[in-house]
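Okay, so subunit A shows up in both of these, paired with subunit B first and subunit C after.
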Partner chain A sequence: MLLFIAILDTFKLLLKTLSTNSGFWNPLVWCSVIVIAFLIVYSIRSFGNKEYKKDNEQVKTFLSGNPEYEKEQMHVKSSNVYWGFTETLKWVYNLLNKMHTGNVSDYVLWFVVTMAIFFILIGVMI
Partner chain B sequence: MEQYIIDLLTTGAIVLFGTIGLALFGIFFGLLYKGVDRKLSAHMQGRIGPPIRQPFRDVSKLFVKENIIPENAIPWIFNLAPLAGLIATISILLYIPIGGFEPLLSSKGDLILILYLLIIPSLAMVTGGFSSGSPYATVGAQREMVTMIAYEFPLAIIIIAIAWKLSINLQNTNVFALSTITATPIWNFVGPLGFLGCLVLLFVLVVVTPAELSKIPFDSPEAETELAGGLLAEYSGRNLAMFYLTDGVKTVVMASIIVALFFPFNIWRMIGLDALPAISLEAIPIYTAEIIFFLIKVLLVILFSLTLIRVSVARLKIDQIVYTYWVPLTLLALVGLICIMWDGWTMEGHIINIFGFKIQWSAWPSMFKLLGIP
Partner chain C sequence: MNLPTFEFTPALVVAIPLLGAFLTPLVSRINDKLRNIFVIIIMGLTGFFVFLLAYDVLAKGIKVYVFGANTADTIQSLENGLPLLRILFEVDAMSVLMAGISVILGFVAVIYSWSFMKENTGLDKYYTLFLLMIAGMLGMELTGDMFNFFVFLEITSIASCALIAFWTNKGKAVDAAFKYIVISAIGALFILFAVALLYSQYNALNIAVLGSMIQYTFLDKIALILLIVALLMKAGIVPMHMWLPDAYSRAPSSVTVALIGATLASLYGVLRVCFTLYGNSLSNICNNLNINVHSMLGTLLILLAIITIILGVIMALRQINFKRLIAFAAIAELGYMFLGIGTGLTVLGNPELAVYGMTALKGGIFHIINDALDVGLLFLVAGAIYYATRENSLNRMGGLARNLKYTTVFFLIGLLAVSGMPPMNGFASKILIYESTYQLSPILSIIAILCSILLLAVFVKVFYSAFMGPAQPKFKDVKEVPKSMLIAMGIITCIIIFIGLFPQFVINTVVTPAAEALVNFGGEKGFYINEIIESFTLGGV
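Up next, the complex of A and B:
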């Protein structure tokens, strides 16, 4: 009986909905939903054909007829992963690049100016 | 302790039967709405279009096709990604009000959780794309990541604005709970300025929806004409069918979220009932009407946020997508937020000093009262 109560108390603790003042969620209930959804989706998927011919051209990567290069040459580099983002905001990056002089006295100046603005803002708000 | 065991069993039953029921609901109506969307868009372009049941045929055809795994792919990630996307999407259905009723797990997760869960299907597609070993899929996955970064900002502003407005009017209530948001439509608490702000936020959310679903004009991650399907280029057979189903279910999810945030009106409230009647034979017509009303609202949201947009606008480039969301739409969302914020002040009876004229705006009633709607 004591063991049963201990197990039940553990479950109570695990099933507790985590809550802050402005948000809440229950991880264990979500995990249960995920497990059941996995079983449903997996069983639906199992209706599909799992076979395919491995010894012909269809397993090769589709490249619109272009020649296939070495894998290292075909991968998108990590520096290009956020290309669309950096392209759109390049005016910001250009501005920041100009500000990034490498001169310590410039950085100290920026620090002093920023602090002055913050102090003025805080002074006005208070 | 008995009460606790009863609660535990009740939650277990809700999770088990709710997940099964809502998974079937989401898949069926996701495919049905996909068919309606295709038919409507075809008519708008002067074509006959495929029959409404075409998406069901597509899925059954995909199940028969070979499930090819490219030799460059990482097989276990390649196979797991489509499953993860669909599973996460189905799990969201339990946290949003479906059929005009309270969410099944309304006390177990809030709107912030839904925002996080909405990211998983997109991340699953990104992971699947990167694991394909195809340059097209890699570029598509890269674009999907950038698109996600782009639309999350205005989406977050919308959620914060609504929650902030409700928190002003509803003290000691969790304003991020969807049960609270649907029980107290935001339109009830706004004056003319707030009404305008809500319309602006609704517009922004309608424009965010096609990007969430990778639809034109924000479908550059797939871009059939330039990337041959992008992150789905190497997928086929049942794996592609899983992504197809995910797209259908996510369409229902996104439309249901818009309905919950901006159109949570119920038949039983309109006919003057104080609460939804308990389940009985007499209550069946009300329940049926409620579900039909919800399905019509979802259809209208899909029509305006997906179909109309994708037949009238061309695809944007990825840098144009980021610009659209980070500049005009973020600014619009902030304008909506400011309108609601100022409206919040005016509704509270604050005195505003404009060029020396002190004006008390407390006389502004709710927009609904102005229009004579009870």
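Up next, the complex of A and C:
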């Protein structure tokens, strides 16, 4: 009986909702909603066209009439992903690249600079 | 449930890996497999004693262990006016939480190493250094003495440096280790200088004793700054973070996972200095002079945290080396922790916002656990991909989900967790940080959320580049990684899912006691300084 109560208490503790003072978060409720949403989507999908044919022209890759490249060439490389973002922020990256020299004496310099700021703000001002 | 408690548990937590470290070369001479089993048993035993210690501390409050003498002798010495110079461990809920994180990472890393490192030579040295590093980390987290903190920090740093350079055939690994030891040595020297400043004034090295005596003189201010800045550098906060991507990306993945623990041990040092060592004196200064030093310190930490988050994410977005990318993401995650901790430090003194300060601190501490697990899992996945393909560059990967099915699932879980996507653990800690930071300044919260979205974008890029896309002919023979690596990743994944599904349980059980131990709000179980001073009957000193 005592063991049963202990297990029950543990379950109660496990199922508690996280309170953030201005909101709450319960992952189990969230998961239940997702499962229900998935079931709804799945049921809608089941109304779709069932006469899809495999291995015919409609499954071939169409690149505006151009021939398909080798598989290896078709993969967009990591450095090209978010190209627009990195190109727009090129000035930021140039600045950051200058900061990351890879030289250990520069690393120590940043340490000294940070310490100086702390000295000014805490050691002198207060 | 009543678990047995042993008087020597705090000592055993450090002694077992230390003893294991020196026995490993001997066992290694018998058989390699036996050595691997021996190291796993040592880590398992250490974990068992950390668990026992945690149970003891959470149930009964702070545990003090004096080395080389019993508590009665120590009290006698104190009553005779002798300074408290004994080596002693003072373990509260915060220490034990950090020890738990270190031991989980260490345990997972040794299981992972079984297959990951099997083709390397010199594994007796590898495991010896590994156990030394774990012993050093645990010592940093359990000690109640400033000088011993420095000693354990040095042990951790030296062992970590040697492990970063373990692949000596790769010049960049040696270069990264050199940078790491330079940074560590400078940081440790400044910490030693700060300890000397405190000792010269108060004739004490014990954190609790010092915490009760510090007057916040000019020398104390210098010691505070030296300690915080040196530990922040060791924790990898921007702009002193540059050693971290080098070290994390060049070390073997199993070492990187343990290095996360070492970094977090330094973060723990910052917490101890801000809240325990200087906690009382800063609060008194606030009351007497109406100057809020806590607020100033907290604001500085918030500022550094925001810079750390932004820079970490922006730099991660551009990386093409998988491990370097995760290292920058880890820097951003450190920013989230410091955002929570800084907010806590800033508003805890404000009666109107104190509740949110506590929530922020809990969020920061909770994020320490989550970051260690999430980033650790991602590093293990990166190691698994390297093991299977011998590739680190994302530009040369693609379509690996076909070959590495389990690894792909582990990566997806790590991706969702580190980006703070519900229902993973990262979301639970980040929501605590967002909502409490919002009360201090909405802009902080907005920046944090936007950067979290960017972090998701970063890992979506990785997922696409490494796992999606057409099958690459050069990877047609790639097979799933060995079982020991899958088990290691699986253990972390299970913990991530458990914490993600039951966050309140973890917060109630370990995070809240840790936060209360830090801010002395914990009533009979949390008063770190008072409890330890009482245990030594130090009133007359």
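Throughout what follows, the second predicted complex is superposed on the first by the 99 of 126 C-alpha atoms of A that agree within 3 Å, B and C clash if a C-alpha of one lies under 4 Å from a C-alpha of the other, contacts with A are read in each partner's own complex, and residues count from 1 in each chain.
Note that in this section a contact is a pair of C-beta atoms (placed from the backbone, for glycine too) under 8 Å apart; a residue touches a chain by one contact, two chains touch by 3 or more.
All figures in this text were calculated on a predicted structure; none of them were measured in a lab.
Legend: residue contacts after superposition of the two complexes on their common chain; A:98 is shown touching neither subunit B nor subunit C.
In the superposition on chain A, contact of A:115 is made with subunit C only, not with subunit B. Once the two complexes are overlaid on the shared chain, A:63 sits against subunit B while remaining clear of subunit C.
In the superposition on chain A, A:52 makes contact with subunit B only, while subunit C stays out of contact range. In the superposition on chain A, contact of A:16 is made with subunit C only, not with subunit B. In the superposed model, A:8 lies in contact with subunit B only, and not with subunit C. In the superposed model, A:76 lies in contact with both subunit B and subunit C. 15, 17, 22-23, 25, 30, 71, 74-76, 81-82, 85, 89 are the residues of subunit A that lie in the contact sets of both subunit B and subunit C, per the superposition on chain A.
For subunit B in complex with subunit A, the touching residues are 1, 4-5, 8, 11-12, 15-16, 19-20, 23, 27, 62-72, 82-83, 86-88, 90-91, 94, 105, 107-110, 112-113, 132-136, 138-139, 142-143, 145-147, 149-150, 163, 174-177, 228, 233-234, 237-238, 241-242, 245, 317-323, 326.
Those residues of subunit A whose C-beta lies close enough to touch subunit C in the complex are 6, 13-23, 25, 27-28, 30-31, 71-72, 74-79, 81-82, 85-86, 89, 92-93, 96, 99-100, 102, 104, 106-108, 110-111, 113-115, 118-119, 121-123, 125-126. Of all the residues in subunit C, the ones that touch subunit A in their complex are 1, 178-179, 182-183, 186-187, 218, 221-222, 224-226, 228-229, 232-233, 239-240, 242-243, 246, 291, 293, 296-297, 300, 311, 314-315, 317-318, 320, 355-356, 359, 393-395, 397-399, 422-423, 427-428, 431-432, 435-436, 438-439, 457, 461-462, 464-465, 469-474, 500-505, 507-509. Those residues of subunit A lying in contact with subunit B across their complex are 5, 8, 11-12, 15, 17, 22-26, 29-30, 32-34, 36-38, 40-42, 44-45, 47-53, 58-64, 71, 74-76, 80-85, 87-89.
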